[in-house]
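Each in structure tokens, the structures are laid out below.
Each of the next two complexes has subunit A plus one other chain: subunit B in the first, subunit C in the second.
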Partner chain A sequence: MKRLGVYICHCGGNISDYVDVEEVRKAVEHEEGVVLAKTTMFACSDSNQNDMVSDIKKHKLDGVVVASCSPKLHLVTFRNVTERGDLNKYTYVHANIREQASWAHSDDKQGATGKAIHLVKAAIAKSRYAEPLYPNQIEAEKTIAVIGAGIAGLKAAASISDKNINVILIEKENRVGGHAAELGDLFMSDEKGYDLVNRVYNDIVQRENVTILTGSEVISSKGSIGDFTLKIRKRPQNAGDPVETMEIKVGSMVVATGFESYIPKEGEFDYVVNENVIALPEFKLLVDKSTGDRLIYKGKTIKNIVYIYCVGSRQNEGGNTYCSRFCCTSVIHTSIEAKKKFKNIYNIHLNRGIRTYGKQELLYAESLKMGDIYLQFDQTTPPEITSNGKNSIVTVTDILSEGKKMSVEADLIVLVTGMVPRSDQSVGTMLKIPKGRDKFYNEVHIKLRPVETVIDGITIAGACQGPKNISESVNSALSAATKSFSYVSKGTLETEPIIAVINEDSCSWCGKCLEACPFDAIEKRNVNSREIAVVNSSVCKGCGMCAPVCPPDAINLIGYRNEEIISMIDVLA
Partner chain B sequence: MSSENKTIKFDALIVGAGIAGGEAALNLANSGYKVLLVEKERSIGGKMILLSKVFPTLDCSACITTPKVSEIARHKNITIFTESEVTDISKTADNDFIAHITKKPRYVHVEDCTACQLCEKACPVSVRDQYQYGLIGRKAAFIPFSIANPKAAAIDIENCTLCGACEKVCPTSCIDFTMETEYFELHAKTVIMASGFSLFDPLEIPRYGYERYKNVITSMQMEREIAPTRPYNTILRPGDGKVPDKIAYVLCVGSRDQTVGNPICSQICCMYSIKQAQLLMGALPMADVTIYYINIRSFGKGFEEFYQQAKGMGVNFVKGKVGKISELENGNLILRYEDISEGVVKEAEHDMVVLSVGAKSNPSVANIFQEGRLKFDPYNFIAQSDLMGSPSKTSIEGVFVAGTATGPMDIPDSILSAGSASSDAISYLIQHETV
Partner chain C sequence: MTGNLKKSAKILVFSTEKISDPAIDMAGLLKLHYPPTVYTITIPCSSGIKPSWILHAFEKGFDGVFIAADGSDCVYGETCTEKTGNLVSAAHEQMKAKDIEPARLRMAAICSVCSEAFVKQIRSFNEYLIKTLHAQEL
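Right, the complex of A and B next:
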């Protein structure tokens, strides 16, 4: 009989406010094989980890169960603890009594406690069957693909190349630089957007370990961390040239596919239907490109500019609910530039609360000092645009002056638009990167693993993860580069041993497992002149989707074998 | 003094072991570099380890921080000096920094201490507990806080009466009053400044009555009141121990305020106030929570939705700057504020007021580098020499900056900034490798 140690975590009240952890401890301490049952304030704390290691040795434990938060957070933490106690780390079993008991049943303390007891007993049952497992070693290709050559992709490529790892930078457009390459003056910097892009591009273009493929798209991806095979299609440079396709092998990928600017719908604040209405990127371009001492738009000298904020951002449920974070500062910066560059410019900002966070506040202060007018409207009463026959009139209900209605004649109306996810999400779909509520790509954990995705070996950088300004994009790109670098730098990688295995004798190829597999890890193969399913161990994620659909029950998931699961079900039933 | 210096060598020196310094240390250590992490407090984990839950996901902060801290503490490539300060750093060659480090004595041998707390019980001296932001007291022989790392007793020698009571009860004889300050001369190839921020001191705004009025507290004190390792095990107003039921938040205390010399926005206060308001609504379902604000800046991923959620839960948002706070006899507080939506000056009574204090620079690093070679911005944050291209680069090649040492930042941005700084530091180390 295995000697088991059980730890029940208070999670500093997250669990113990609703689950009577002492009750749980008492309920499991006499379970078969349990030689030690303890409660602890924070199971994950360093001091408790040390206690666990010494308990394992002192009580000669050969199995450990921790009942705490989601295994997503701390399965690895406690596996490592058991490893330090000289146990095989895969014998560790985790019970989630926070997300599944205390948080889910905060209105029913007794019920939550009862459920927690069941969950811990089930984990104990599994623990009796848990076997030692050993991770698989695989070779890691020392090349990283960066998809998207905007500022994030360029910087990620530079950073990986600096670390003596080969980079293949893949860009769909015929030029690099993305949105930043279209920008002139940048806020918080003296450098122009296109100069910044040129500086970074010129730095890497001659490097031996950097390959830049413009006009190119990734059309398929196979394999897994350490060993991805990408098929790339390069558009012909000249008409008549053949389409080039090539295959590359990489150990990791940085996805930096960026964002799109929100384009207002026709008629949204008169967009398209009124020629005096333009969106922020168009206005930025106009200010950057115009010369002379007057601002001219469509032959007309512009004096009064009215800015309508949060167009396409901070909408109600169903729309874009998020704040695009860069637009307040961007438009204020551009309006200041316009005023400095051209004569007789009057800026009127119709906003929903200015969000010039951090040092960007100084730009807002400067704009106020220059005499710009800021009026604030509520989302429920957006500004209205009418015409006096000659000019556009914008009317706003200003909450800064007791809801007074004010009207202003506008020569130009700028819709302050934000960032939206790329409409072409084929890269994400192909690589199976999950998206968040806002449709941007999702990280694993915004604080613990902000650039990693649930797909091992694939990181995300820049605004494809959510709106960011240039500096923030670069920080995220360099973080992603470091993470991807860490996967391949040693040349070898350890992968989880928890994968599906097929009993060749019982399998008689029906294809059900192939349909169920979300990772393309199963293929039909002829073994001993019989057609059976074979699992590609480096691609299999151990998700278990295949096991229950197999009619002859020929699939077992290592670490979750049938007898382990059945023992748990017996307890829970 | 220099004759006592012990010479040590590391690849990287990281100044500050908060969440940014820790993250940077892990990145470097996992790439095989030897890191010295220097922290002036008695525990690593910075301010984050003292927080309750964190926005916008409401993850329990300790649950995220403690395992990170534990990973940092036991990494074979990371050496940690707590209660230590880097007194000066100079660059001698492209690849060689020399730093002097003062390591204060803890008067406890950490490796022998079992954190049994007997010394704490025996110590007759009580002083304010800085890790609970003064809400309660602690002893002069004490464990900094329950999830501190290292979790070991320390002697606060400034308040200690040298009575010896702790020494007598210590079962492992780990208390040692003969320990002395140690001095080190460190050779490192690169430096990451992760020296963090300091909180605005609300005493600079006397009209808010902080410390004069017992029921006016700072947001960091409220953070402690709602943290898992909270001092009172419930939410109380400090004046009389009453459970508050009408709580006010005053935003932009010490931020966006030229009169206190800090015109910039601290970019975390809106969100942490909204988070605290949500947690208070959960802990005290009958309480009213009102947030007095200028603008709500919920700009990060999931932040705006978090703000809307707070509105949906019934948190009151009042657009108006609080001019003055005064105290009634029963300890309640009168807030005089301009209600901007109605354009009138109003007064409101609350039984507890939380000042959402801003983030300022950490003054202790201002003179570390010789001859002022490390440049600072006008607000004494470390200046970023290439904000767009390489945000972690400073005015000295080979010195990088991570987290709030460059300016106010939330936790997700700090971690990305630390990733960026460690990325540039690793590149620098590889590019300057001498064969």
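Right, the complex of A and C next:
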């Protein structure tokens, strides 16, 4: 009989806040074959991994079950642990008691605990049948597609190109650079946004292993990691030109489709209805493009500028509840630029707490030193805009002055708007990239696998994943580029050794399995004077389509044999 | 005696590793609740489910079986939808032969981001099963 070790993870409190992990441990410790059942605060921690390796050797374990988060996150981690304990990694079985028990049933602790017990018992049942297996190797296309040529996409393309891999950079617009190309002065850099974009573009455009397709959209995707086929439609560049479509093969993809700026609704802080009210992107453009020693807007000299923070960010449930992170820094930076560039500028910042984290705090300090005024309001009492017939008056209740009401005459009111996900989500929908509660694309784990998606071979970079400033976008792009490179760098990929196997004694060739197989992996052979079906293991992809159609039930999929599935059903029932 | 009312039918879900599993996981992440007596067995492709497994689940006491199918997103090819449909039909026939109501087996395509669709399907299936199988307990 197999000797099994079972580990039940608290996941900090992500699991144990809703599932009684000790009760789970007690419920499974006497299951047949279980010689060790432990709870652990973090199963994935180095110390627990080391303990598992010691346990495997000390207790002469033949199989390991970890009940923790989704296998998407840590299946590979624990397979590697079993390998370090000198076990075949495919003897490891995972039970997902976080996404499918504690979180899914956080409204019912008893129910969640009961379900977790069943799931762990089912994993133990499967583990009794788990056998040593060895991975298959497949060819991986050594080309990577980068979708979106904003600053994240450009930098990802440059980074992949540096690694001597072919890159195809696909941009929907007719120009590269995205939002960064619209920016003037940048913080922590002597460059302007458009100069930065030009510098990176001019670098990669000359490289032989980079192909840039502007005015182009990915319209379909087929295949999987190592072997994606993308269909691309290129818009006519000149009137009368035909629409061009092409197919490319890539091994992995970086999705860097960026963000949109929040556009206030008509009437939100008088936006649109009051000509003195503009949003942050418009203000940045105004400051960058204006010349002379006075800031002029619609023919009027601007002196008093009132900034209203968190417009479209940190809203109540149902709205954009997240903080857009970049906007505090961006508006303070631009307000300083305005003050340096033009005469008699007075900045009044109506904020909900300044979030200029890290080095960006230097800007806040500089702004204070220059005499900018900061008043803090509560979300429940937002600033009000009225008119004195000539100018706009902004009234705010400053919570740092014991709720004192203050009014200021404003020549210009800047709504400090944040980032929202792109309204065109066609790329994400086509590639089936999950979205989070904020509707931006979701990574597997924000700390452990921050650029990977649940779709193997597809990474995300930049602000399509959530609000980021340029340096954060570039960091994530470099990370995504490296991860995507790692998928295809060897030219081969390891795939699961899951293939169909045929019981020769039960098979009496009928051909139904061959009809069902989409990969022609089954052939008729004469074995011991009998015609039977034989699986070509190098072609079989392990879908299992042949198994249900076999009249004598002679076909099983490795890892999903009848006895494994039936034993799991027995335990779960 | 509302405490004794059966609110959750026992449902076995066959989900697929690359397509519907991520959606079911994301339903958990988003705390989209569904009955805790819904258990998932993961397989590579929905067209690889054997009708005998489905029948076994009913024999063992499951109220319902739900196939979270790959649909047109199947990584193994576009024939998956048709083949999964065929195995569901075969299972329905076998269920009828054993006097098991075919409506206790449901199938819906659940894509990798279809968390809300999954939860909606499961809640509706649960309601149906409670009404039809456990009406006397209500």
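Here is the rule we use: the second predicted complex is superposed on the first by the 387 of 573 C-alpha atoms of A that agree within 3 Å, B and C clash if a C-alpha of one lies under 4 Å from a C-alpha of the other, contacts with A are read in each partner's own complex, and residues count from 1 in each chain.
In this section, a contact is a pair of C-beta atoms (placed from the backbone, for glycine too) under 8 Å apart; a residue touches a chain by one contact, two chains touch by 3 or more.
All of these numbers come straight from a predicted model, not from anything done at the bench.
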Subunit B versus subunit C as contact partner of A:T482, first or second or both or neither: first
First, second, both or neither for A:T395, with subunit B first and subunit C second: neither
Contacts of A:K541 with subunit B and subunit C, given as first, second, both or neither: second
Subunit B versus subunit C as contact partner of A:A365, first or second or both or neither: first
First, second, both or neither for A:S220, with subunit B first and subunit C second: neither
Partner chain(s) touched by A:I433 [first = subunit B, second = subunit C, both, neither]: second
First (subunit B), second (subunit C), both or neither touched by A:D162: first
First, second, both or neither for A:R199, with subunit B first and subunit C second: first
First, second, both or neither for A:N526, with subunit B first and subunit C second: neither
Subunit A residues touched - subunit C or subunit B, whichever exceeds: B
Subunit A positions touched by subunit B in one structure and by subunit C in the second: 437
Subunit A partner contacts - residues on subunit C that touch it in the complex: 8, 10, 12, 18-19, 21-37, 39-41, 43-45, 47-53, 56-57, 60-62, 73, 75-77, 79-80, 83, 86-87, 90, 111-113
Sites on subunit A touched by subunit B in the complex: 10-14, 41-42, 44-47, 49, 69, 73-74, 77, 155, 159, 162-164, 186, 188-189, 191, 196, 199-200, 314, 321-323, 325, 353-362, 365, 399-403, 436-438, 440, 446-448, 450-451, 465-467, 470-472, 474-476, 478-483, 485-486, 489
Of all residues in subunit A, those that touch subunit C in their complex: 70, 72, 96, 98-108, 111-112, 114-115, 118-119, 122, 223-224, 429, 432-435, 437, 442, 454-456, 498, 516, 518, 541-545, 547-549, 553, 557, 560, 562, 565-566, 568-570, 572-573
Sites on subunit B touched by subunit A in the complex: 27, 30-31, 54, 56-57, 59-60, 62-64, 66-70, 73-74, 115, 146-147, 149-151, 227-229, 256, 263-267, 295-305, 308, 319, 340-343, 377, 379, 387-392, 407-409, 411-413, 415-420, 422-424, 426-427, 430-431
